[in-house]
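Supplied in structure tokens, the structure appears directly below.
Which chain is which? They are A, B, C and D, in the order written, and residues in each are numbered from 1.
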């Protein structure tokens, strides 16, 4: 079962900076284990960040995103006390949603 | 097993207490107490376990290792330097066919590879010499270490002579023969590299066509 | 070692190399410097988000959760500052614990609490001392991440005047200079001189206060090469693997002695982990 | 850790992300399709041309209005390479990251809705020294900038 994300959202004026760390293997499907068997691909494919009911970032990822992914960006319109919600879904259709209050 | 050692340690610690209180002010200088060395050695034997090719006998020091441990961090007395260098020089074997120079391309691969002798390594694969971990060689490789001197243009600077090659051979075979307590492994003496591999590394250093000499 | 001769030789090589490089229109020294600068940029860019935080969060959860056959949390675990006290505890470790009659580092103490308070067997408690991905996650690594994070900014203060700790320190120091194995390596081979690097990685000189402080206060660390948070026990274990030694047993006396030596040498510096490293 | 939330998510594991988002009221149904898509063919491409085809674009124009920030020239480890990209091309709609010498070129595509700054940073994997390409879609057109990142071998070589 996936671990919680670590999200920070800080507002400066009209701009909110979001930084998130996700707990995920991001296995490429190219590596082999010690027995020489290919380790199947297992990676986050979609990430959606919402502020209220507005999508502020939507991403599609391949397995070339580093293990335990990090993402940082800024959007306008957020205010301290608002919530930012982040959801990821991986190729096993496992998904995780976490939220944070803008500071 | 731990208990005995701890108890022995505590006892010795208590006995040594008066002395160490005085010495404590210089905690940054290394303790030369042979009793501590003996206890440290016993503690290590109880604290490691064999794994794969790495057996516990690797903790048994030869005379060179023992002396270099004992004098670590201090100036080696000239007599110890002589002893170590003489004994190690006597171990150097040159190839029976006299051929010192092999293939620099293969030498470059050996210089890049750090595989071999770790318990995590496959013992059936050839070991590398990992030269780049400590030395600059071919200038194209930016990722080189500085524990040893740069060997860039090793042959070009020293001349492509038999003398240079014999020195390179012996230095790779047993670095302690020239530099007592050198940080460099004794690749021939300990059988880390085969004769052919040493030839190839000598080629990397002393072949005029090698990227090291460009 | 013959410092004078070696240094002279190295200096000659450097000068000759620089002259030749200069003649060819490129400066080897400048090239090395720009490489070092770029590597520094790489390291700086990683500081912004350290996945160690993911381990810290899981460790905090584990710390507070009743565990083992006795369903006991770590609230009763004394890391040296009182039962359940985490804040600042790591800055005082290793230390002597009278209840165990042993000098212990953080990892050993956590295992002691799992065994003696939570009712696990030694084997259960140390089963996944070093984790490997999501298949084999290490509770110890997570707990260590949490506990050490609670000493961030606190000055290292290992009690070197305590006789048991002092004894371990002296033994650890001996170990540090112990050369052995097929490659003749000791800890000091790579960590005994200033300004050295292996490949492009700077090697702290652990025999100097400054080097020991910088190194010790930045472990544990998230290792980007492995995608794992690694503890100081792991650091020592893996150094000995690369030294071509047999395997250092987790929580063994030798591991604690060496930790006592290095932690003690870091005294006076502010603890700054868990960090992020190559 | 919020185990109840995790439980809820687990039980919804069979649903697609879009239906979850719609169900939770975070997305208007009209937005859902965009959020749900994962462009399989684009992520399997081996060249810039093929990636462009898969993304539905033509030949991109090189642009000076795309900049890399906090992106080193040399990566100490290819497993984690920090990449920051800012686009000052007006009406930037999306930013993609491509690595020329990776087995599959496309690493990520970010859709940038109005109100979000066309600037982001993440970390990618690189198998070897390679050009990294920032591909920007703005007002229906494609623009690129690229930067070489050297990947070095580190440590004791093991």
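Just so we're on the same page, a contact is a pair of C-beta atoms (placed from the backbone, for glycine too) under 8 Å apart; a residue touches a chain by one contact, two chains touch by 3 or more.
Remember, predicted model here, so these are calculated numbers, not experimental data.
Participant: Taking contacts as defined above, which has more of them, B-C or B-D?
Facilitator: Most C-beta pairs in contact, of the two: B-C.
Participant: Using mean C-alpha positions as chain centres, tell me how far subunit B is from subunit C in Å, no decimals.
Facilitator: About 23 Å, centre to centre.
Participant: Where the centres are mean C-alpha positions, what is the separation of subunit A from subunit B, in Å?
Facilitator: Going by mean C-alpha positions, subunit A sits 46 Å from subunit B.
Participant: Would you mind pulling out the distance in Å between where the CA atoms of subunit A average out and where those of subunit C do?
Facilitator: 30
Participant: Enumerate the residues of subunit B that touch no fewer than two other chains.
Facilitator: Residues 118, 120, 132-133, 142-143 of subunit B touch two or more partner chains.
Participant: Two-or-more-chain contact residues of subunit A, please, as numbers and ranges.
Facilitator: In subunit A, the residues touching two or more other chains are 3-4, 66-67, 70, 72.
Participant: Residues of subunit C that contact two or more other chains, please.
Facilitator: 35, 48, 57-58, 198-200, 224, 227, 242
Participant: Applying that definition of touch, give me each pair of chains that meets it.
Facilitator: A-C, A-D, B-C, B-D, C-D
Participant: Could you please specify the touching residues of subunit D with respect to subunit A in the complex?
Facilitator: These residues of subunit D touch subunit A: 1-2, 5-6, 9-10, 12-14, 16-17, 20-21, 25-28, 31, 34-39, 43, 79-81, 99, 102-104, 106-113, 115-117, 119-126.
Participant: Which of the residues in subunit D come into contact with subunit B in the complex?
Facilitator: 74, 150, 152-154, 156-158
Participant: Going by the contact rule at the top, pick out the subunit D residues touching subunit C in the complex.
Facilitator: Against subunit C, the touching part of subunit D is residues 1, 70-77, 79-80, 82, 84, 121, 123, 152-158.
Participant: Using the touch rule from the top, collect the residues of subunit B that touch subunit D in their complex.
Facilitator: Checking each residue of subunit B against subunit D gives 112-115, 118, 120, 128, 130, 132-133, 142-143.
Participant: Which stretch or stretches of subunit A touch subunit D in the complex?
Facilitator: Touching subunit D from subunit A are residues 1-4, 15, 26, 28, 30, 45-46, 48, 50, 53-67, 69-77, 85, 87, 89, 93-97.
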